[in-house]
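First chain A sits with chain B, and in the next complex the same chain sits with chain C.
Entry: the complex of A and B
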């Protein structure tokens, strides 16, 4: 059985210090602690984790688009170099008014993550300095990593198919016809 | 009187000294860099978006393309992320085979690095040798997986095939050969006064800032901090093999990073031998997955990481309970090394050393853009 003493200690200390500003705390598994906080508290939570708890290394900032629930979820993943623990701090951002606090004064490398999120999800970070273009060039469409951006539709609008493929066959259909096999319902959407 | 005028030059995207399809915009004063700015966007393929349209098995075939010189940590991360969310068991032998593949991948990545690092310092012979020797490892991969560069071998539930007959002895032979060759590289590279002069004191990262700036892998160990995912957050059976994480080369310059890698390639050869020794001969290598079209992963998320030749490779995998990944976010070591860190440490360096430093950090555009 894994020893989860420090994992539990992190949760206990965070709960004691932040009380109800920290919710949904849990030990996901050995070396992984998950917690959720609100947008207004994220800076103080991250600063506390870094300065007081020793989570010095920022591993990752991820963003998930939960379109159905009308929110973006930003996940800050920190690493404790001595205790060897990752903590995942989640924050929800309103999808219609996506504004989040900028944290690149805490970790300089957050700047790149935030620039990418600004470009790919359209999330504005208050006071973020840096060229607006990181990967895309002259982009005026919907931010492409959002769930409602349809890749296939974009490709059909902007690109044309190479000539010489007019006789391309649907392999699945050809084989099914030859063998008399019926294509199952769930597989039909994968047929061209 | 000193002339304060600066000149802007563009290193890349078409430049022999740059490590792939990226560009570093340099402002120079005489020979000295006063400002550096990394520009990416020449290689974006949208893997993360593509994966949202594909099912869990189809996504596995494209993750390896995220990193060209060392694709296997991607497969490992993806597979482990899916397994962690789903709670799928992996057979013991498959886990040993995964370790074998990861270490072989590390060895070939270091051999490629020998070429890049020495080539950027003007020593071209070593690159010819090491890339030639790397082919022996690629031959092994070809025999095992069918592919030389992209393997698509480590997949959720295990690995795709068992080892071919006599494969272990061929791996052992190649390891013996490469170990012998490493002494030759030492003679022409590490004993070479040109290489020493070009690398010592160049590209200094302050060790007290290294963790905070997000440095990982060999550059972090070259700052005297023994940090390795294989030891810190052991995956597969890395807690059952013996190896040393170097912290004795702590000058935190290009030279120290080169010494760390020189040390680690020998460690990897040693690990491969231990794996061959400890791997069971018989047993299943794959825990069969259901029909891929109907294969749903329960809602959940996982952050998994693997130590690649350039440092921690992280995947944040999110499932919403459907047949398609909700989100897979890739964090390659170069995402930090090649942008914020590079921009910081290039300041004050000689323009001729820029590509030496880039090679020592392992900047790799494919994983910055995915």
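Entry: the complex of A and C
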């Protein structure tokens, strides 16, 4: 049984300090704590984690597009260098008006992640400084990582394929048909 | 040359010698896109030693004869590739690596990679595989040398003659066209 004392201590301390501003906390597994907060409190939560709890390092900021629930979920992943613990802080923002607070004064490297999210998801960060283009060039369509951006449709419109290309085939079956081989019953569940 | 050797047979001999020289000194531009570039170091260094087959690296486009497109090519990189290709001196050759350059490969439904390389720059030899092993790369170079020796690797001439068609395809993808015009 893993020792989860520090993980629980983090949760307790956060609960104590922020009370109902932390919406959801759980220990996902050993050395991983997940918590959810609201958009208004994210800066204070991150600052508290950094200055008081010792989560000095921002590993990553990710974004999840929950299109059906009409929200983006921004996930801040922090790392505690001494205790070797990750904290995932999640924030929901409205999908129709995606504005999130800018945190690059807490960790300068957040600037790159935020620029990437601005480009790939169309999320605006308040007061974010930096060129609008990070990876893409001259992009004038929907931000491509959004789930309502139809990649296949875009590909079919802009590119063309040489004839003879057939995708999504059952490779095992094609090879078996070529040689007249019969696939045994137990092997069928492994072929797509 | 023409004013000295104006009869046909001599021109043929000169062409033969030219092709012999070209095929035996292929300078490859040190440039790689996508994952195939990782196959170039073993091809060039001691294990497979492509210099045995008179293939070696060149630092800049103006010194190079061969441009390798080693794998998937994003639209952003296509711009750089076109510029590099147009700066190269004639005669110049292009080798397309892997299934990505042939027909999209595993990136077939990606919004940002091209699917057929020969719509944008002329390709002399395709090497299939994902990725081609160094043996296949060497076989591709051997094929290119064979074509040069026969005088059939004329992609660069084709590019000049059909520049309009290539430009049209290129402009379709590169929306903000700010490219210099080279006249060869």
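Here is the rule we go by: the second predicted complex is superposed on the first by the 161 of 192 C-alpha atoms of A that agree within 3 Å, B and C clash if a C-alpha of one lies under 4 Å from a C-alpha of the other, contacts with A are read in each partner's own complex, and residues count from 1 in each chain.
Keep in mind that, in the parts below, contacts are C-beta pairs under 8 Å (C-beta built on N, C-alpha and C of every residue); 3 or more make two chains touch, one makes a residue touch a chain.
None of these values were measured; they are calculated from a predicted model.
Novice: Just checking: does A:151 make contact with chain B only, chain C only, both, or neither of them? Give me first, second, both or neither.
Specialist: Both partners, chain B and chain C.
Novice: Where does A:52 make contact in the superposed view: on chain B (first), on chain C (second), on both, or on neither?
Specialist: So A:52 meets neither chain B nor chain C here.
Novice: Answer with first, second, both or neither: which of chain B and chain C does A:140 touch in the superposed model?
Specialist: Second partner only.
Novice: Is the number of chain A residues in contact higher for chain B or for chain C?
Specialist: Between chain B and chain C, the winner on chain A residue contacts is B.
Novice: Just chain B (first), just chain C (second), both, or neither: which does A:165 touch?
Specialist: A:165: touches chain C, not chain B.
Novice: Of the partners chain B and chain C, which touch A:26 in the superposed model: first, second, both, neither?
Specialist: Once the two structures are laid over each other on A, A:26 reaches no partner at all.
Novice: Just chain B (first), just chain C (second), both, or neither: which does A:132 touch?
Specialist: Neither partner.
Novice: After lining up the shared chain so the two structures overlap, which partner does A:86 touch, if you call chain B first and chain C second: first, second, both or neither?
Specialist: first
Novice: With the touch criterion stated at the top, can you tell me which chain A residues are shared between the chain B interface and the chain C interface?
Specialist: Dual-contact residues (chain A): 135-137, 144, 149, 151-152.
Novice: Which residues of chain C touch chain A once you look at their complex with the stated criterion?
Specialist: 75-76, 79, 102-104, 108-112, 114-116, 119, 172-176
Novice: Spell out the residues on chain A that touch chain C in their complex, using ranges where they run on.
Specialist: 135-138, 140, 144, 149, 151-152, 154-155, 158-162, 164-165, 167
Novice: Which residues of chain A touch chain B in their complex?
Specialist: Where chain A meets chain B, its residues are 28-29, 31-32, 56-60, 62-65, 75, 77, 81, 84, 86, 88, 107-109, 111-112, 133-137, 144-145, 147, 149, 151-152, 186-187, 190.
Novice: Which part of chain B faces chain A closely enough to touch in the complex?
Specialist: 40-41, 44, 46, 48-50, 52-53, 84, 211-214, 225, 227, 232-233, 293-294, 301-303, 305, 312, 314, 316, 318, 326-327, 329, 331, 335-336, 339-341, 344, 369
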